[in-house]
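What follows are several structures.
Presented sequentially are two complexes of chain A, the first with chain B as partner and the second with chain C.
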Partner chain A sequence: MAKTSRIPYNIKIQKRLYYSRKLSILTTFSAIIIAFGVAGLFFTIIGLNPLEVYSYIGGVFASPTLLLESFKRAIPIGLAALGLSIAFKMNFWNIGAEGQMYMGMLASTGIVLLHVYYGLIPDYLVLSLMILAAFLTGGLWCCLPAFLKAKMKVNEILTTLMMNYVAMYLVDFLIYGPWRDPKGYGFPLSVPFPEYSKLTVMFGEFAYGGLLLLCLTAVIVFIILRYTKLGFELKIVGENIEIARNAGINLSKVVTVGGFIAGGIAGIGGLTIVSGIIGRLRPRASPGYGYTAIIVVLLSALNPWLIIPVSIFFGGLFVAGDILQATLRIPGAAVEMYQALIFLFIVIGEFMKRYKITITRGVVE
Partner chain B sequence: MSIQWVEQVLQLTVQMGTVYLLASLGEIYAERSGVLNLGLEGMMIMGAATSFIFSIAYGHLPAIFIAAVVGALMGFILSILAVDMKLNQVIVGLALTLLGIGLSGFFTFPEIRKNILLKLNPSLPEEMLLTQQAEKLPEIPIPLFSNIPILGKMLFSHNVLVYFSLIFSILMWFILFKTRIGLTIRSVGENPSMADSLGVNVYMVRRATTIISGAFASLAGAYFFIGFHPFWREGVTAGRGFIALALVILATWSPLRAILGAYLFGGVETFQYRLQLFGLGAQSPYFLAMLPYIMTIITLIIISTESIKKKIGAPASLGIPYSREE
Partner chain C sequence: MTELVSLKGIVKHFPGVLANDNVDFTLRRGEIHALLGENGAGKTTLMNILYGLYRPDSGEIYIEGRRIEISSPRDAIKLGVGMVHQNFKLIPSHTILENIILGLKEVGFIINYKKISEEIRKLAESYGWRINPNAYVWQLTAGEKQQVELLKLLYRDARILILDEPTSVLTLQECRILFQALKRMAREGKGIIFITHKLDEVFAISDRVTVMRKGRVVITKETSKTDMSELAQYMVGRPVLFSIQKERTQPSGEAIIIKNLKAFNDKGVLALKGVDLVVKKNEIVGVIGVTGNGQQELVEVIAGLRKAAEGSILIDGINIANSSPDRIIELGVAYIPPEPLKYSIAPNLTIVDNLFMKAYRYKPYSNGILINWKKIYKKADELIKNFQIISPSLSTKAKSLSGGNLQRLILARELSGLIGDKIPKLIVAAYPTKGLDIGATEFVHKTLIEYSRKGSGILFISEDIEEALMISDRVAVMHDGRIVGIFKPGEVDMEKIGLMMAGVQVVPAI
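After this line comes the complex of A and B, so read on.
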């Protein structure tokens, strides 16, 4: 017996030259399952039955009303992720989707207030102006770090992230201050949005109109990345900045414009929160959709079509989180934890895709 | 503005700055060896959560120790992902940050925390199980020195972790720039293949510095919670880990300059609280709350200008995984 244990294990790690689509799908799904397993471990530690938790999560996707709710949550997440897919394509690490969403909310609420308080804008123009304003404001919020990166190589991870906090406090300031609804009994809420300024005008149900908006945006992003000069330049900038420079691509222009579009789409994502899900502005209106979008976009490997189903899955997790909190008294942070675990194992899966590990036992000659 | 007021502001500045100092000390080592630890925020908040739970269950010293261990563990995970698996350090760091935020929120949720506390220490009284705050680390004024006007309060009447951070920044500066170990760490961050050919175990050095950075980040979180602001709410560190990351650049990867940078940022934050007390911005504390973040952005812009950039050189292989050509 003692002798057999002496035989060493040989772990050999080789770089794969290519990997199949099958392997890619397999690693993604195993990442999700392993994340379930590890989260289950944590649930067991605190004395909960993980199977019960999972049945609630699975139940979200089985019940039509809850599925519809997941679609709603998926819309801001998916829009932010679509914006990020453009940013990440050019290696612009935009962690600021959350802030850009807050700026989108702020701009669209601003338009509504202009209309309600001052009657400046005719009813039929309100929604389109809101979309425009959300796009511009979100875009500008992302444009600044993009410009700084392009011109001065300022680290965009840190600037976009810091700007999240600035945007959040800006919304706090307005909603606790000048934008508070005078008839709102002192709650930090804006006036409720009038019907024609909500995204429900299209189909009577936000989920359908929102999904349409999401799909349309996916088409636009796909076209931009695939068929336009800008998309081509974005890709080259992302793949090899030296080649881009030698090819005479105007780096700062590409990064700034790309950043503007990315932030703008996230801004519209913010609009869908106030004008679709909530119907008014309140502080901390996004429970971290902008951060979830980072996971979504990396999980979908920057593919705009995949972003839609993946964000529905993550939207469902948010709904499941609410239900778990109400029924099993599990904190909402359980969803964040679970998302982060999926993210972590997807990242590890990336290693499995790139390298082949073989374990043999025996003496190597 | 009396002397007392100035003394108090300076004391708070140092106390606030210590959060940034502790976090950046470890990060400086990691980045000097070529590993970008973007999980700093996650490790920091895990440190805060750990110190929260364990200080209630076992008291301060075990809490600080366990927080450091938890951080080292997260650093170890990062080292496997970033050093051994050679994954993208930005993505890996973000994943760990999100994980830290999620886990800390999960385990400190009142009912879950109650269960954990009962398992850790069944003899805890009922009110300790649901409290949202911990006992603050006691201040230990150094006799004689603490009576010096102004400087006494600023430097010599703090809790033990503040002294620790100051001693360690000098010690870590010395190790990094005056000893062989430091030379090895820096060479690994500048030119890993050269270091490798000279017989340095690049992976081992990077693993070690990453674990150190995890432990220090977590210690910073623990200090922030039990040493400075012992009231728990979700996301209590509020992006301070990322501010520390900016600080590392400002300090040009030197532990000594990190002291100045940390107190600068600590000063800005203290200033903001003080202004609120003065009634400035009483109607809208939100603008003042933005101050540290805006300050960080401005700092990043200033240190990115050409003339300054020439003077500071980031470690040449920062963020680039090393793999041996075979």
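After this line comes the complex of A and C, so read on.
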């Protein structure tokens, strides 16, 4: 028989043939909790009591006013994430929700300026036209890389990412230049939006109207993915391009239309920033909602329903970041770091989910 | 002691499947033991357990009489067990020598290339292989790569060799070389387990044969004491007909007329150099030829997946050359592509999704915008029954189906008249039985013949001459991008067919 004096341990990594929903949820929650732990370590190192920091973060979700503020932040994040869920479904790795949001802001501000400066549009039409313009511009901003990918196999991760900067600097240019409010004491701000061009017209409070918009969009995205021809085509294209071609699916059409809708929804997300949260256009109006949306959509596993609570959680983190900055004088980047940690642990969790790691003591000579 | 390996009561579960059910298996010193069974019978699972890739749920493994626990391939190699997988695990950018010594501890820190190179050359020569240990793996043919895999094991002193369907990638010539080498290894006292689903190989090489079906061992027997039809019956579980009685129906009208068709392959070389071919309704036209003579390009051009450079393809008087795939589908062309998992089945999508991958966009399953899932599920239930697809439910992912079931799924999708509620005018079937076991092959043959009776024209691409002669009404030989001869089965003898496949014109092309 084998020698028992030295029994070696064997670590073995095996691909799981199947994993349960329970395991999937468990790894996601573990990712969030471990990220908290590691962030706590960081807070300790910079000389803070992590429990105090956590209590501030938790406090955001306990106070009604702060929760309402979290809802507001959740709206642009959630809309961008819903757009991304369509893009990711067809394996179109759109990193450009941020830029698409800026284009949405730009377009909706453009409509407001046309109305304020030239009076071209009647009051009651302004908001609907803003939504339409934000959708079209955001859509076009995503449609272009999608079309390039479908026709010429241009890598969308590069194009969408780079177009973010184009959009951001375009907004900078306009707001420091021709779109600056002449009565604004030289600050880089647009004219304040008139009341009827704000999303507050719906319930007097942006959070309510915005949440309604978010939920409606989730329903639409769900219907698109589940019950439409396009949704089925997106799914097959996402699964395997060769197979989609064999099935007679018009690849460039599906990718371009899918990209258009994805970008359009992100564009409306941009609109909610200027017409809901801020009430005017200013440079760097989005503190990275478009990038946060990527984390949100992956955490939600592309499920439109889950996107709503998850974006409220991340909206809360943004609010918490502002509070921590003001009270504990922690740099705002701490919250970004926390987001990045969650992302990192999700990726690790994804690995743990797909592979089984077993440690055995083999009896081998 | 003559027993090298003895497996007792091996049980292995996978989610939803009992892959090995109380399996006993022995391998003697100096024997070649064929492990025969249809796809999904549990052969590979059993051998992966012996090789340490899976751990059995229960059961005992004895090697040379001693009870052993094998928890990784590294343990298995230490115990003298080596396995050559169906797809080779070599690094193409490394040399043969580097591949062989990779992971070998005994080599030491400083490698004596000259000595090892000489050893490998000698080892190879003793089996009649001519190999340059410093050649790169990417330069090798499939047969040579397999020799390297075997050398890797022999250099590590493996006494128990497992070969998983080793002939599936080899030419006839390479098979002969392999069999000679294996027989020699057996004479030297090694034990060889030869996994296969091809009956003729069992008789060509093995001393004993074990037949597996549905995770169980059906029988173990001396090969000389059995025959083909007996083994086939054990394997499939019922008597199998080796030839099909085919009522010839009178062909009527053309299903497709291909005229002077030219097309380029992926490398930009002219692969079709003027193909002329007619398939009539009610007719099966088999296309045979050495693989790579334009067969793949031909079917792809017909399906609209590849551009035609010149020529025409007429269906009902409409030229479909360079039409889009969906337009061609709408005209009633069913296409069964080669390599289902690459071109035709999305493994992570459900059976329903795969069944309706083409029909989802047509009435009554879609109104142009929305999809009517209720109608789709109802129809899918019917198809599953008609085409005998065995699966737990319609929402099961396609990847859990066996090869035969996948091919049935494709047949159901392509042939059942989902689009326009008609049977297809033309069925283009490219290697539809490749890699399938006897039962599934039989089903494909029967289905194609049934549809030819119903009125479809069938273009049937095959590598297997006997198969083509058996089910076709006419056989076309393809060579170097052209049809070099067309004949009826029985008109031309095998020798002439061989000449035609080599490019010699014997029968005038029509």
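For the reader, a short list of remarks on this structure follows.
In this section, the second predicted complex is superposed on the first by the 353 of 365 C-alpha atoms of A that agree within 3 Å, B and C clash if a C-alpha of one lies under 4 Å from a C-alpha of the other, contacts with A are read in each partner's own complex, and residues count from 1 in each chain.
Here is the rule we go by: a residue touches a chain if its C-beta (ideal position, glycine included) is under 8 Å from a C-beta of that chain, and two chains touch if they have at least 3 such contacts.
Since we're looking at a predicted model, the values are computed, not measured.
In the superposition on chain A, no contact is made by A:307 with either chain B or chain C.
When the two complexes are overlaid on their common chain A, residue A:265 makes contact with neither chain B nor chain C. By the touch criterion defined above, A:142 reaches neither chain B nor chain C. When the shared chain is aligned, chain B comes close enough to touch A:331, but chain C does not. Contact with neither chain B nor chain C is seen for A:35 once the two complexes are overlaid on the shared chain. When the shared chain is aligned, no partner comes close enough to touch A:150: not chain B, not chain C.
Contacts of A:242 after superposition on the shared chain: chain C is touched, whereas chain B is not.
Looking at the shared chain after the overlay, A:232 reaches chain C, while chain B stays out of its contact range.
In the superposed pair of complexes, A:103 makes contact with neither chain B nor chain C. More residues of chain A are touched by B (comparison of chain B with chain C). Across the complex, chain B is touched by residues 42, 46-47, 93, 95, 148, 152-155, 157-159, 161-166, 169-170, 172-173, 176-177, 291, 294-295, 298, 329-341, 343-344, 347-348, 350-351 of chain A. For chain C in complex with chain A, the residues that touch the partner chain are 14-15, 55, 66-72, 75, 78-79, 303-305, 324-326, 328-329, 335, 337, 342-346, 348-349, 353, 357-358, 360-361, 366, 368-371, 373.
By the touch criterion stated above, chain A contacts chain C in their complex at residues 1, 10, 12, 17-18, 227-229, 231-232, 235-236, 239-240, 242-243, 245-250, 360, 362-365.
Of all residues in chain B, those touching chain A in their complex are 38, 81, 85-88, 90-92, 94-96, 98-99, 101-107, 109, 111-112, 115-116, 234, 238-239, 242-243, 245-246, 249, 283-284, 286-287, 289-290, 293-294, 296-297, 300-301, 304-306, 309.
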